[in-house]
Structure formats: C-alpha cells, structure tokens
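Naming follows writing order (A, B, C, D, E and F), and every chain is counted from residue 1.
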Amino acid sequence: MIRLTRRYHFVASHRLHSPQLSEAENDTTYGKCNNPFGHGHNYTLEVTVANPVHSETGQAVPVPALDALIQEQVLSRYDHRNLNEELDEYKFGLVPTTENVLACIEEKLREIWPPRLGSLVRLRLHETANNTFESTLS
Amino acid sequence: MIRLTRRYHFVASHRLHSPQLSEAENDTTYGKCNNPFGHGHNYTLEVTVANPVHSETGQAVPVPALDALIQEQVLSRYDHRNLNEELDEYKFGLVPTTENVLACIEEKLREIWPPRLGSLVRLRLHETANNTFESTLS
Amino acid sequence: MIRLTRRYHFVASHRLHSPQLSEAENDTTYGKCNNPFGHGHNYTLEVTVANPVHSETGQAVPVPALDALIQEQVLSRYDHRNLNEELDEYKFGLVPTTENVLACIEEKLREIWPPRLGSLVRLRLHETANNTFESTLS
Amino acid sequence: MIRLTRRYHFVASHRLHSPQLSEAENDTTYGKCNNPFGHGHNYTLEVTVANPVHSETGQAVPVPALDALIQEQVLSRYDHRNLNEELDEYKFGLVPTTENVLACIEEKLREIWPPRLGSLVRLRLHETANNTFESTLS
Amino acid sequence: MIRLTRRYHFVASHRLHSPQLSEAENDTTYGKCNNPFGHGHNYTLEVTVANPVHSETGQAVPVPALDALIQEQVLSRYDHRNLNEELDEYKFGLVPTTENVLACIEEKLREIWPPRLGSLVRLRLHETANNTFESTLS
Amino acid sequence: MIRLTRRYHFVASHRLHSPQLSEAENDTTYGKCNNPFGHGHNYTLEVTVANPVHSETGQAVPVPALDALIQEQVLSRYDHRNLNEELDEYKFGLVPTTENVLACIEEKLREIWPPRLGSLVRLRLHETANNTFESTLS
C-alpha cells in the first residue's frame, strides 16, 4: 500500500463575509479578510491517494487520469476565479474560507471518485506559506 | 559597501483589463487574467538597499526604520486589497499588472526615500513561484 | 473536522551537554553540538489543531486567538534566547535538545489549552531543513 | 514518544518500461518516462523514526548511527546511479518507478533495522516538487 | 525598463566523461558524475528578459509567446531526455556539464531570439538546490 | 564566461552588542538581538565564482577544490560556533552582525584565493528566509 501525493496550484480571490453575522461580528471574525473588495492567494492543493502497487506497471495510480480529474473538477473551476462571485458553492451565503473551500472540494471529489484511482485519503490546501488546512477522509 | 535584501509579503487581488484595448485584444493579451471578476496572489516584495557598513554598529541600514517605511508606503496600502478598486494608482485606467505595480511602488519609494536608509538599488516582486519582476534602479 | 496547521518562527541558541554524562560520553553523544560556547538555529514550529468548521463563520479555529496564545506561551519565551541560560526548563540539567524543547512546549500548551481553540493534535519543530521532530498528541 | 524525520538527498536516472507490457501499453502507461534512453531526478528521502526520548541524553535516536545506516543501505547504492542498469533490484524486470524504489528501500531497511534506532514508522520519497510517495510502515 | 524572470522545469539524465581526457583524468575531474551508466537531475531554467513596459498593456513581454519559445527550443528537446545519447549537441564529444548545457541553450536562444520578446539578459540553470550556473548575456 | 554559485550551510550563535555604544544605544540599535545571552541562526553562504568554461572538461571551476577551500576557510571556523566567544575576528569589539561576518569572510577569502578557482565575484549570506546580505566584489 503506497500513498501518492500530487500538488496542484491555482490562484483565486475571495472575500470573507458571513450574512449570518453583523457588521461588527464580521469585522471581529475576519479582520482584514472582511475587506469588501476582497483579496487573493496562490493556493496549493495536495491530493493524497492510497493504493496497492500494480505488479505489472509498478505504479499505484495512473497519474494522467488523476491529473485530468483534478483539472476538470477543481482547477478549471477555481483557477483565476473570484470565489464569491463565480462559484455556485459560495454565491448563496457559504463563506469561501479555506476550510469551506476544502470541504467543497472534498465533497465534489467524493461524489465522482472512480475506484480505479485508489482511495482518496487526504486533502491539504495551503493558503500561504504559514497556513495549511487538512481534511483526513478515511 | 553591502547590499541588504529584505523580503516582505502581501496578498491582493487584481484584474488585468486595459481600457485602451478592445475586448478581443484584452482577451488575447491577458487570457485568464482578464476574467471580469478578478483573481489574486500571495506577493513577495524584495527591497535591496546598498550602504557602507557603519563602523560603530556594524550595520548597513537601520532595519526597523526600513521595515516601518515599507509598512507605511507599501504594505498598509497593498495588503489584503483589491488593487483595481481600492488603490488610486489603478482606478483610472492604469492596469495593475505586476510590472505596473512594481513601477508604482518604485516611484512612491523614490519620492520619499530618506538618505539615512542608504541607496535603494533594486526592487523585485514575485507574483508566483515561477514569475518574478525586477527593477534595477541605480 | 478540519485540521489547521500554522507555522511560527523563532531564533535561539543552545548547547547540548548532559550533567549525567561524562565528558567523553557528551562528546560521543552530541559531537559538535557539545561545543561549550553553543550555537543556534532558525526554528519553525508547526501547530496543528483539529476542530469542526463553525457553520456561521466557516472557520475551524479563531486564528488571532491561536496566534496570541502561541506568542504568549512560546515565542515570547523562546525567540532571540539562549535556551540553556534563560529558560527555567533547561537551567537545571534538562538538555535543550529539540526533542526536549518540543516536549516542554507540548506540556506547557496542554496545561493551558482553551477548548475553544479545538484539539491540539500535533506539534512539529523544524531545526534545520533536513531535521524535523514531531509529537503526535491525540 | 517523539518522531524524528531526517531528509537525505540522492540523484539518479531511470527508465520506466515493463517487460510484461506491450510497446503500446508501455507508451500509454509511462508516456515520456518510457523514453528508451531514460531521464533522471534529484530525489529526497524522508526517514521517520519513533522512539521515546532517552532521559539522560534528551535524544530520541542517535542521529550519527541513523545517518551511517542510510548512507550504507541507501545512498551508497542509489546516489549517482542508473537504477535500471546498476541495481540488482531492477535488473530483472522490476520497473524502477518511485513506488517500487520506495518499496525496495523499505524492504532493505526492515531486514537490517537495529532496535536501538527506534521504530521505522514512515518513508517518503520526493521525486519532484509536486510528486511524493509515502509508505506507512507501522 | 523591467526585467521579467520566468522559471521552467525539466528532468534529464547525463554522464560526465570527456574523450579528451584519460580514464584517470575523467575520474579525478568528475568523480561520481563519471559513472558510465549516468545519473540525473530535476533542472530549473530561469530566463530573464529586459524590456520597457508597454503603455497600453502594462506588460514588458508577451508571456505566452515567451513560454512557447522556451517550450519549442528547450523543453521539447531537454525534458525527459538522456543528454548524452539524444541531443546532437552532446553526441560528438561535448560533455553535458551544466556549464555546457547552459552555453548550448544560450547559443540556440540567441540565434532565433525575436526582438518583440525584449532583450535576453540572463540565463540561470539550477542543477540541485545548492548548485546554480549563470550566464550574463548583455 | 560562466558564473557558478554554490550554497554552503552553517549554524552559529551571536550577540549584537557594540562596546562603542551606551547601553541605551545598544538597545535602540539591536533590540532583541542585544540580549546578553545571545541567540542563533541557520546561515546559508552563497559563493559565486566567474570563469571561462574549460574546453576539455566543460567545467568553469573544479568544484571539489572550491568545496575544500570553503570548508577550510569558513565552515570549519564558523559551523557550530558562538561567533562572539570563539572567533578572533569578533573577540575584540567587532560586532558579529551579518554585515561584518560577510566582510570578514570576504577578506579572508580574498587573501588566499587561488587563481585556478576563477574570480570570486559575489558573496551572499542569508540569515533568515527574509534577510539576505550581499557583497559584490568585482
């Protein structure tokens, strides 16, 4: 059983503001991230998959298929986007915190995950060099 | 004569769109960066200063004064901002490409640069891990 | 359940020398790190916290509160310090190896950890680029 | 119980080609990595060991002994080598994918692992900045 | 006048052996890099171009055109290759040291460099994290 | 003409305190770095050498000879040391700021630099990830 981790990169903007909170609470909760005009990040997504090594190929996972899936399900939707304005997930009140972004990516990947890519066991999303979010799926 | 380089970090969003170009030209020139809703980056600014080493202190530049200047002139204005919407430099048609952001930062720093901080000899602005812009000032 | 990892940085000096060992044993055990005058490092501390995502804020942990806690309990005590000479933990014979530094930080954080910051599940301390120590707390 | 992770570096070349697959299957499976003349990488191996901290030394593992073991068992065999042509593991049909390299290193280390170095709990092998393989041993 | 630096990545294998040197001299000169079976690296190429910023686009260089040129002239030829066996430059006795690789890339780029991409002012080739070669062209 | 940059690593402790300044001036000038017990860093030294490429070997500089020189002149003296207490350069009032450390290393290297290693054209000393000092020698 081997775990493969692939790293993918996208750039996006977001604004942290919750319609369920007052202006004062939004300010206290999000600070500079509550700026009405938004800001942005270079995000790195780490996808970790576990699978036995195939005896003929010596590979755990067909990497081109994994890359294509992440391109289609994540990068094509998140890269060079304003998360609040352009993604259905965050248009109706769900705040695009990195926690929620990670949870939405996880939910989408779980729905369509093909067994031939092994088990999706961990997602990590780096927002800055000092800030990482992780979801342990198994 | 020693050169000191300090690295500063800010996060911001921008949209690349020139009012002097047609829609088709904007699309050809900027591609995904022309997305009307914008996107964002973790920027790193490198400030390089040259100065002789002071014989009593053994230092080339008073670093706290340099940090305070960059905080006031750059970080307080650029960090957690939407460059197109919030900075006067880019509100009236100047496109916030990283080239222009670097030139605007340079112009502002040159105007108020205090001689006691030495000579400002180079600015570098990293937009992503694979993309860096540099202005050699001397 | 999301895990947030924050990275904090401090610089410090230490000397590895155990009063329970002979001079020859100290030399064999610690090598150059036994140098009587000490040496130092740029340390990076990774703090990992697990918590459910709050439905209103979309956040797992109030980051400013976490930062304030680490500043007070760790950085204010360890940054720009000589660990052997200045911290009570290591004044009376406990050797400030990175293992012991990690254990002391863990003990201190566990004593005062406020439940509203979630569960402290992992601490990592990087001593150099090639040397990392980890304590799995849960 | 502390986990120590040490990082070791080696450079090597390999070619991915399975004698159990047809030419067309090799091409589909390995793409550019199937190039008959091979290519190469700067590999980083992370070795993670778990052990209680020794009360007299304050150390979990004698690092010089760990380094000597990895030098003898891994680096002296893999560094500056063509994996397909020079290592017995891959001369007879086992494809030197990073998965198989990791498995072979694990098998070799497990055979001769001395208890005084603690428990070998995880191996990670980085092939590029975006591609990491991991074996959880415990 | 702005300098743009773009970083490109390729993986390749090589062997350092000069037909103009004796076996003993080859061994002394290249050490482990003289291994007859070769080894490999993850290379990073930095291309630095100087150009005035275009007043309408705010850009110094059309990046897609630069990327296409480097893809065609460098990456398509060097990525996933054995430099000694597959590139005409090194088949007839020129040793594929990183110095020579850099010089060959420079010569090729200079021959076909289109003025609309600005002035090619510096090439850097990183062989490992601790080893960089640079050619200052202007 | 090629420039080779090699990176070397050492760890050391220092205290910034000038006997030519009052206590108050020392505090204002050096802040936390004036702590009487000192602190430390992981330093990285970059040595850049310019030389034509040798036609027979394809190399600009004999790297083993360069490594041996830096080991003897710099690393053996600075690694795992307390700069204030153990190095003659800083025992008699010269403050071991990174500026002065860089100047002392430069002076020592210039005295004994052998022409066969090419021209020493630049030294850089990284104190932290955000703080670099550079001396341009040519």
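The working rule: a residue touches a chain if its C-beta (ideal position, glycine included) is under 8 Å from a C-beta of that chain, and two chains touch if they have at least 3 such contacts.
All values reported here derive from a predicted model rather than from experimental measurement.
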item	value
Co-neighbours of chain F and chain E - touch as defined	B
Neighbouring chains common to chain B and chain D, by label	A, E
Same vs different contact residues, chain B with chain F, by half of numbers used	different
Interchain centroid distance [CA atoms averaged], chain A/chain C, Å	29
Intercentroid distance (Cα basis), chain E paired with chain C, Å	42
Numbers and ranges of chain B residues touching at least 2 other chains	129
Chains touching one another, given as label pairs in label order	A-B, A-C, A-D, B-E, B-F, C-D, C-F, D-E, E-F
Complex contacts: residues of chain E adjacent to chain F	16, 18, 20-21, 29-31, 94-97, 99-100, 102-103, 129-136
List of chain A residues in touch with chain D within their complex	1-8, 48, 53, 56-60, 62, 64
Chain F residues touching chain C - in the complex, by the definition given at the top	9, 11-14, 32-33, 35, 37-42, 79-82, 85-86, 128-129
